[in-house]
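One chain, chain A, appears in both complexes that follow, with chain B as partner in the first and chain C in the second.
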Partner chain A sequence: MSLLRVEKLDLRYGDSQVLWAIDLAVEEGRISALVGANGAGKTTLMRAIAGLVRPSAGRISFGGEDLARVPAETRVRRGIALVPEGRRLFAGLSVRENLMLGAHVRTDRSAVADDLSKIFALFPELEKLSGQIAGTMSGGQQQMCAVGRALMARPRLLLIDEMSLGLAPVVVDRIAMALKSVNAEDGITMLLVEQDVELALEIASHATVMDTGRVVLDGPSTALIDDPKIREAYMGLAA
Partner chain B sequence: MSGKRQLILATVLLIAALAAPAFVGNYWLRVLTTVFMFGVVAQGLNVIVGFAGYHAFGNSVFFGIGAYATGIGMTLGLPVWVAIPVAVAAAALIAAVLGWPFLRLRGHYFAIATVALNAAATEVIINIGGVTGGAQGLPLPFSSLPPTLLYRIIYFAMLATLVLATAIVFWLSRSRLGYALRALRDSESGAEVMGVDTVKAKILAWTISAAMTGSAGGLWAYWLTFIEVGTAFDISISVRGYIMMLLGGMGTVIGPVIGAALFQLVGDAIWSHFSGIHNLLLGALVMAVVLLVPQGVLDSLSRLRPPARRPRRAAEA
Partner chain C sequence: MFAQTFVNGLLLGGVYGVATIGFSMVWGVMGIINLAHGAYIMMGAYFSYMLASRLGIDPFVSMPLVMAALFCVGFTVQHLLLNPVMRTSVLLTLAMTFGLELFLVDLFVALFTSDIRSVNTSYSSQALAVGPVLISYVRLAAALLSLTLAAFLYLVLTRTRLGQAILATALDREAARLMGIFPERIYNYTAGIGAALAGAAGSLASTLFPISPGLGNSFIGAVFVITVLGGIGSVTGAVAAGFVYALIQSFAASYLGVNYQEIVAFGLFLAILIVRPQGLFGKRFFGEV
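Right after this comes the complex of A and B.
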């Protein structure tokens, strides 16, 4: 069954329409990817799912329930966590405080403590830097902290926006591996937005391709990797 | 400055403040009472500005509301120890109700709206007349206590209020609400995607802030025994509180208290030695503070320590 379902979604910023009749389904337990060029509307769609922008038409449902009237902070309680584009750590707070903010909606203290040690096991540098002010860390460390922060909510669905942006390939690989292991062990469903199509198709089992506000292709990653149109348009490889 | 050092400093200051009335004359008793009063105002600002990042320049409105509600309550026959808590509740309630529309405004717009609120409140008090005394001001019932005892009681009441306000800020600095406020100060939508109910958190912060400011106003009214709108809703009350908060260090636990003491004591010293140009000198001092210690003296003090314990720049990952 689909954990997240987006149907016929339109979204406008003022007079200009940026999303057109988007259909998207994210299956429970899987990693799905949303790929496409700059300006395709991927981040906007993520923001709509997180509840930060309001669609002008269409429907988003999560676990079978309509999210239309559910504000962003309540969606977190329902189990949707976002790793925002550009990481957006709370720069003035320490690493530990940032991580604990991820668990803001939770009241199960001992489980929160367990999850914190899990995150520290996943990214040991965060434990070493836990007292440090988040804004002073390197980009890679900040991205790890942002991923950890979202995982601290113990989400059912993890939205990850442009995880690879501006990071060294080794760091991207480490975070990608961490995401895969979390998905395999805890069964957390993930939807990642990526400009790096090759990376996205490698991590995700299923991908949706967007172009200028519309869904243009959708299918299993293995099929898309071999699709000559994809190879040419997004991976810079000759068919 | 670390939490432990702040706690030690706070304890030393508290002991000194408790002992002071035994050693000082009436003039210094009054100066110190004023320090405590502005300390409370600065802590009230600290909650909404330092933690939540909402610049409530017009927070003096709650000082005035606290003063007037106390005055009206006492005129209607309430004893002072009932009138002041009622006044504090009134200030908090007004902040909670007005917070809902006001805290939707961000940045400068919120700051200007609070200043407008302060101006509007003075007009309301004047035009209601009757129990408020209107433009003529409001005399409070005299206390039958001998003045030396009364002023000592007010000194300790003001000190207790400051201790309570500081304790609340201390609690806030380590509570869920405190984290939520500091997060939304950085990014409101960022806090929302962490599951923070930002509207509720902001309103709570302003309500706490108003209660603190209102309690200072209530005690001030009882102390002065005569209030009028020009002084009770004087915007310079919040401006002073602001300077004190910045001077000590906003977002810290005892910074605003240190700032209040420094600014008030230095201000009084300048006033008594250079009476013609004291505002000029005070203004120059404020500019120097903003330029030289923008993070507040508490931060500068902790920078005087050996650098070993300060966080180093992270190595690249």
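Right after this comes the complex of A and C.
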């Protein structure tokens, strides 16, 4: 069953329309990817799913429930967590404070403590740096903290916007591995936005390709990775 | 004279600190320059005066009550007046709080007239003599209470769920929403806490100064200077800057004359804006550089 469904979604900023009749389904328990060039509208779509921007038409439903009247603050409580583009950590607060803010909506204290140790096991450097001011860490450490912060909400759906942007390949691989293990062990459904199409198709079992505000292709990663159009247009490889 | 001037400045510094923390926090968290902060201080002083003159409750004892009353005022004003305005323009809140200040001051002129009132306690004129220096008990108590309040607020911000939500909202409003924090609710609480601290300052001021509807005006200038000096939104900065400001004012008054105390203090304010706009301690809001 689809955990998240986006149907015929239009979104405009003032006079300019940025999303056109988007259809997207994210299956429960899977990792899906949203790929495409800069300006394709991927980040806008993520923000619409998280509730930060309001679509002008169409429908987003989560677990069968229409989200139209649910504000961003409540969507976290329903189980949607977003790792925003550029990480957006609380730069002046410590790593531990950032992670605990991720669990702000939760009241199950002992489970929160368990989840914190899980995050520390996933990214051991976060435990070593737990007292450090988040804004002073390296980009990779900040991205780990941002992913950890979102996981602290114990989401059903984890949205990750441009995880790899500006990070060293070694760090990207580590975070990708961590995401795969969280998906396998806890069954958390994920939707990744990636400019790095190769990476996206490697992590995700299913991908949706967007171009200038529209969905142009959609299918299992194994099929897309062999698609000559994809190989040429997005991966810079000869067909 | 040097020692006495130093002690006088030090004792007043704490009160200035408390008068500033709420103003600075509201500015740092919401970007609102609350021009009605002085009116809140004045209201706190009148509440203390009323409780002292009608019910005979000592201002130091009634302070929690005054703070609770002002918390409700700040919370309600934010919820009903400022949040709706902020949705369109933060700058408009400046006009709104300016109007609120005029309204509240005139309201208190209408209610209490412009006559000067004062709270006299049995210990008002008593002082501790340390060598040649006289330390007024009231001023000493006010200074110590100020530091206690500042420390308490600091703990609330760093150790409690509400405090962390306030800091998160101040640092990145949208990211805070992604954590499930409703910014407007946080603004209500922040405004409430800011007003409660203004109330506490008014309470302390009622034991030190004559009370009139213009009381807030004599504070708001100092509050501005101390906020900028300490770094906008910084609790510890406001306390430290409160002492710096009070010491400068105290020395200017006793060595140059009372007329010079404001000239020196505001001259310093302008100099700091030009030379170190980020405040003396270089920290804006909790590490936001």
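Everything that follows uses one rule, which is that the second predicted complex is superposed on the first by the 239 of 239 C-alpha atoms of A that agree within 3 Å, B and C clash if a C-alpha of one lies under 4 Å from a C-alpha of the other, contacts with A are read in each partner's own complex, and residues count from 1 in each chain.
One rule holds in what follows: a residue touches a chain if its C-beta (ideal position, glycine included) is under 8 Å from a C-beta of that chain, and two chains touch if they have at least 3 such contacts.
As the structure is a prediction and not an experimental result, all values here were calculated from the model.
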| item | value |
| --- | --- |
| Three-chain arrangement built on chain A, chain B and chain C clash or fit | clash |
| Partner chain(s) touched by A:113 [first = chain B, second = chain C, both, neither] | neither |
| First, second, both or neither for A:129, with chain B first and chain C second | first |
| Chain B versus chain C as contact partner of A:21, first or second or both or neither | neither |
| Touched partner set for A:138, first chain B, second chain C, both or neither | first |
| Chain B versus chain C as contact partner of A:153, first or second or both or neither | both |
| Which superposed partner A:121 touches (first chain B, second chain C, both, neither) | neither |
| If touched residues of chain A are counted for chain B and for chain C, the larger one | B |
| First (chain B), second (chain C), both or neither touched by A:171 | first |
| Doubly contacted chain A residues - partners chain C and chain B | 50, 52, 72-74, 76-77, 81-82, 84, 88, 90-93, 97, 100-102, 104-105, 133, 149, 153 |
| Chain A residues touching chain C - in the complex, by the definition given at the top | 50, 52, 72-74, 76-77, 81-82, 84, 88-93, 97, 100-102, 104-105, 133, 135, 149, 153 |
| Residue ranges of chain A touching chain B (in the complex, touch as defined) | 50-52, 71-74, 76-77, 81-82, 84, 88, 90-93, 97, 100-102, 104-105, 125, 129, 131-133, 136-141, 144, 149, 153, 168, 171 |
| Residues of chain B that touch chain A when the two form their complex | 176, 179-180, 182-183, 185-187, 189-198, 311, 313-317 |
| Residues of chain C defined as touching chain A within the complex | 161, 164-165, 167-168, 171-172, 174-182, 285-289 |
